[in-house]
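The following pair of complexes shares a single chain, subunit A, combined with subunit B in the former and subunit C in the latter.
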Partner chain A sequence: MQAETSMAHQNGATRNLRAMGRSFLTAAWLGWQIESNWTDPFLFAIYSVVKPVSGAAILVVMYGIISGGDFDSPLFAYIFLGNAFYIYVGSVMTGVSWAVLDDREHYKTLKYIFIAPIHAPSYLMGRGVARFLTGTISVIVTIAAGMLFLNLQLDLRAVDWPLFFAALGMGVIMLANLGLLLAGVTLTIANHVWFVGDTVAGALYLFSGAIFPLDVLPVWLRPLGFAMPLTYWLELLRRSLVGDVAQAFPTLAGLSNAQLFAILIGLSLLFGILAFAIYRWCEHAARERGLIDMVTNY
Partner chain B sequence: MERPADFARPYSPRLFFQTVIARAYPRIIGTQREKSWLFFDVFLPMLAVSAYVFVYRAIGAPETYIGFVVMGGAMTAFWMNILWSMSSQLYWEKEQGNLALYIIAPNSLMAILLGMAFGGLVATTLRAFAIVLFGSLLFKVQFAVTSFLALFGTFTLTMVALYGMGMMFSSLFLLLNREAWHLANLAQEPIYLLSGFYFPLRSLGFWVAASSSLIPLALGMDAMRQLVFLEGPSFGFLNVGIELAILGALSVIFLIGARYLLAYMERLAIREGRLTDSRR
Partner chain C sequence: MSDVAAIRTEELTRIYKIRGGKKSDPKELVALKDVDIQVERGELFGLLGPNGAGKTTLIKVLTTLLAPTKGRAYVAGYDVIKDPHEIRSRINMVSGGEASGYGLLTVRENLWMFSQFYGIPSKAANQRIKELLEIVGLGDRLNTKSSDLSSGMRQKMNIVRGFMTDPEILFLDEPTLGLDVGAARDVRNFIRDWMRQEDERTILLTTHYMVEADELCDRVAIINQGKVLACDTPKALKRQLQQVVIFQLQVSPCTVTPGMFDGIQGVRNFNHAHEDGYTTMEFTLEEDDILPAVIHQLAERDIHLLNLDKRQPSLEDVFVHLVGMRMEEVERGETG
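== the complex of A and B ==
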């Protein structure tokens, strides 16, 4: 009897895993179709690159006119790399939460998705994959432009690749979890959803030390930056790519790479648990209150 | 010569102005009802303004640049309004099923666009003013306005040219169909860059700045910066008078362009009967 119960549980777990994998892969394919099928590949490639490169160029011009073109300074590498990797925040985090908006407001399919036998969080995470891919292209192009035209001091032979990929992977998972949290919040509100992703991404841009060291912030705002996993993620990425340059700034200089990574894992876990709990609560509330198919113009 | 379809409509000045007011009403009154929109419209540009201000402070820029950023942040509200509430508006109306009603109604489509522009301008000016106010207080920006009349005139002319361009783009975006959303999304950071939202326009070099002058906000902002900041004239791209003359010419070109593109779009809608179809 006990063996039968254990087997039933195992079968149930296998079925759940299969549903999660199926939902994720199908959503990833669907997301890619939605992102790319509105135009030809050439125009899509331009579209994916022009926006982030322009964002980086604004900072380059700002920095160039004040510093008189001193692109060798460590501060330039700090600003440029922080801004380049921040592209992932907009693409992964907002990509996951935007799926709710897209399916509910634009395609009006969210109600069908929620009654289908899928794993909804995996589906939403899968929808973020396409944005992750286009974001990756943008990050690579932005950094390549920095190296080729702006004397960005990045020696590919000196890069700590294991640290880089470990930090990048951890960061993408953390951003996807934050995206799930936002997706949950988006499910429960019908009138303010357009602002949710932009507001969170904008606030994180300001408080995570993405484009300036946290020391520049007023003292009372700095704790916000230290509480964000993004702060440690961006610092690890900078250190893995340009090592000493990133360590030249006092904000996190006292922490070793291992300490930074431990903090990143700890905060990512905390935010991940929080994200799943909040998503579950929001999804339940949205179902109970009939908000799943309630569009902005209801 | 084929007359534009709009001339074929029964023209009545009274109906024209009624239409302008009717379309402006939801923009001015309706958008104020949702207080959270007002908050986010001010709060979001403030986040970007703060980030750029801290970058300037990190690299030790003179305080004049902080003022430039605050003004640029305020002007983003107008550009966002042009992109999402003017250029893309007819596309949204089509998606929601209103466009067919606009076309079969006896009122002028130009009046509808003018109403949208007027309403959007009033509502966005309130938001831009709030951004300038909060930004100035937060970052202690010093203004030295030499002539309020010249400043008001420059702002008005910039807005006429800008909303004229928005009216022209609304027909263009509608013809682009599904790509309209992507185009509006794309036309943010590149325009912030080319128009010098966060730095003096002339930093881009003469020829790039001259090409950017086709975007009314580029010259408008440059002229206004020269008029409101003590050191503004030393950062100016062209003389304020020349910039105003170019803005005047752009206003005329964009408004005429809007009139003809709208007529073209309407002819297409009537002839092909497909323009008002919502295609996803």
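== the complex of A and C ==
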């Protein structure tokens, strides 16, 4: 009897793993089909190259005016890299949550997906993969443009690559989890929520040390920044790429790379658990209220 | 598991809360009220009712998209609240009258993608997709982008998506809604053939077409305003009306006043429609003998009889008998 139960458990577990795997992979395939569906390659170029570069250029001009053209200051590298990697926040986090809206309102498939034997969080995260890839192109192009035209001091031979990739990977998982949280919230809101992802991404931009060190924030707002895994993630990326330059700022200078990484993992885990719990709760609420196949009537 | 009913509900109730303005209290709309149905394995079960009767709501509850407010629902023996995962691997669902799907994908890609959610091996899936598309007449559209399909073709693609996973229990929500006559007939034939292939297959189908329920379904539940009013084979439902007779009269064009035939004992129900050049009247009478009184009444008003038919009761008549008005009248929001 006992053996039977444990066998059943095991079967349940493998079945669950299979559902997670196929949900994620199929969603990644779908996301890529949608993301790469550029009938006009020119539009694709604009979207993934011109847009982030021009965004960075605006930032550079603003910086130039404020700093009086001091592009050799470590602050410039700080801002430029923070801004460049922040592209991932918009693409991965918003990419995951956007899938709910896209499937529900545009393709009208969400109900068919939700009655299928899938693992919904895996499906949604899978939908973010393609945006991660296009985001990567944008990040690389932005940084290359900075190095070529804007005197961004980045010595590729001095980069701590293991730290960079470890931090990047951890961060992307963290962003996907935040995206899941947003997807849950989106699921429970019946209409007009196209802006939720962008609003959250925009707000976090100011509190996560992306374009200025947290010390610049009013004292009462700083704890918000310190509670965000994004803050430590961006700091680790900067340190792995430009090392000392980032340490010139007092905010997190007291922490070693290992300490930063430990905090990033801890906070990511915390937010990940929170994100799953909130997503589950939201999905439940959406079923209670009949929102899974809700279509906004304009 | 085949000894348990495919679908069973107990006092299933669903209430929607409708939020009006910010201040006003949410209004409650009872979409399903104490619904008790049982569908056996192998049955093609119909849910017949006008728009707004609660058919889609019931399907949503049974497919785990919507939580019941009260009562219980079991699909393949599993509780929709406690074991939705067990249910999802055994069912599928298709709603008619909508254009769902990824327009940028081809028909094959759309269907293949859904087959992957069900863990069907790719090769087998492609094989099955091809076969089913042939049957519904989309064989030559395999590699057409679904955005280039007509709405009828898109609906057929959606129907293939539902059948493709070979579900134990399939939910079809007005599958022929919006299709032209030929396509609707194709779909009905397809449904019938699919049911014939295996004994254990079960379909719950909703419709507001009387004929569809009559000719397709083994058993039919008649639903109105969230309540199941009757549930039986179409034949048995119609047999209940055997004690009445139905006459259809074509008469010269005339104005019909309400209560025109109230004076005659035994007129159970009266309907009329103005056609081009004549008026159609339909009487449900308790017995044949009442007809002369009706004709006399017409003659007194100088209304000429052009044609007279006695017809067998249809499911439409059963609905009228149960609700007191015709389905279109319910849909227009008229009150009995």
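One rule holds for everything that comes next: the second predicted complex is superposed on the first by the 284 of 298 C-alpha atoms of A that agree within 3 Å, B and C clash if a C-alpha of one lies under 4 Å from a C-alpha of the other, contacts with A are read in each partner's own complex, and residues count from 1 in each chain.
One rule holds in what follows: a contact is a pair of C-beta atoms (placed from the backbone, for glycine too) under 8 Å apart; a residue touches a chain by one contact, two chains touch by 3 or more.
Quantities reported herein were computed from a predicted structural model and do not represent experimental measurements.
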Clash-or-fit label for the pair subunit B, subunit C on subunit A: fit
Which superposed partner A:P41 touches (first subunit B, second subunit C, both, neither): neither
First (subunit B), second (subunit C), both or neither touched by A:Y107: both
Subunit C, subunit A and subunit B - angle at the middle CA centre, rounded to the nearest 10 degrees: 80
Partner chain in contact with A:P162 - subunit B first, subunit C second, else both or neither: neither
Touched partner set for A:I66, first subunit B, second subunit C, both or neither: first
Which superposed partner A:L217 touches (first subunit B, second subunit C, both, neither): first
Partner chain in contact with A:I292 - subunit B first, subunit C second, else both or neither: second
Partner chain in contact with A:G254 - subunit B first, subunit C second, else both or neither: neither
Residue contacts on subunit A - larger count, subunit B or subunit C: B
Minimum Cα separation, subunit C to subunit B, after superposition on A (Å): 5
Shared subunit A surface residues [contacts with subunit B and with subunit C]: 107
Subunit A-facing residues of subunit B, complex: 34, 36-37, 40, 43-44, 47-48, 50-52, 54-61, 65, 96, 178-179, 182, 185-186, 188-190, 192-193, 197-200, 203-204, 280
Subunit B partner contacts - residues on subunit A that touch it in the complex: 38-39, 47, 50-52, 54-55, 57-59, 61-67, 75, 79, 106-107, 191-192, 195, 198-199, 202-203, 205-206, 211-213, 216-217, 297
Subunit A - residues contacting subunit C, complex: 18-19, 22-23, 25-26, 29-30, 33-34, 37, 107-109, 111-118, 287-290, 292-293
Interface residues, subunit C side, partner subunit A - complex: 16-17, 60, 63-67, 85, 88-89, 91-93, 95, 98-105, 109, 113-114, 116-119, 161
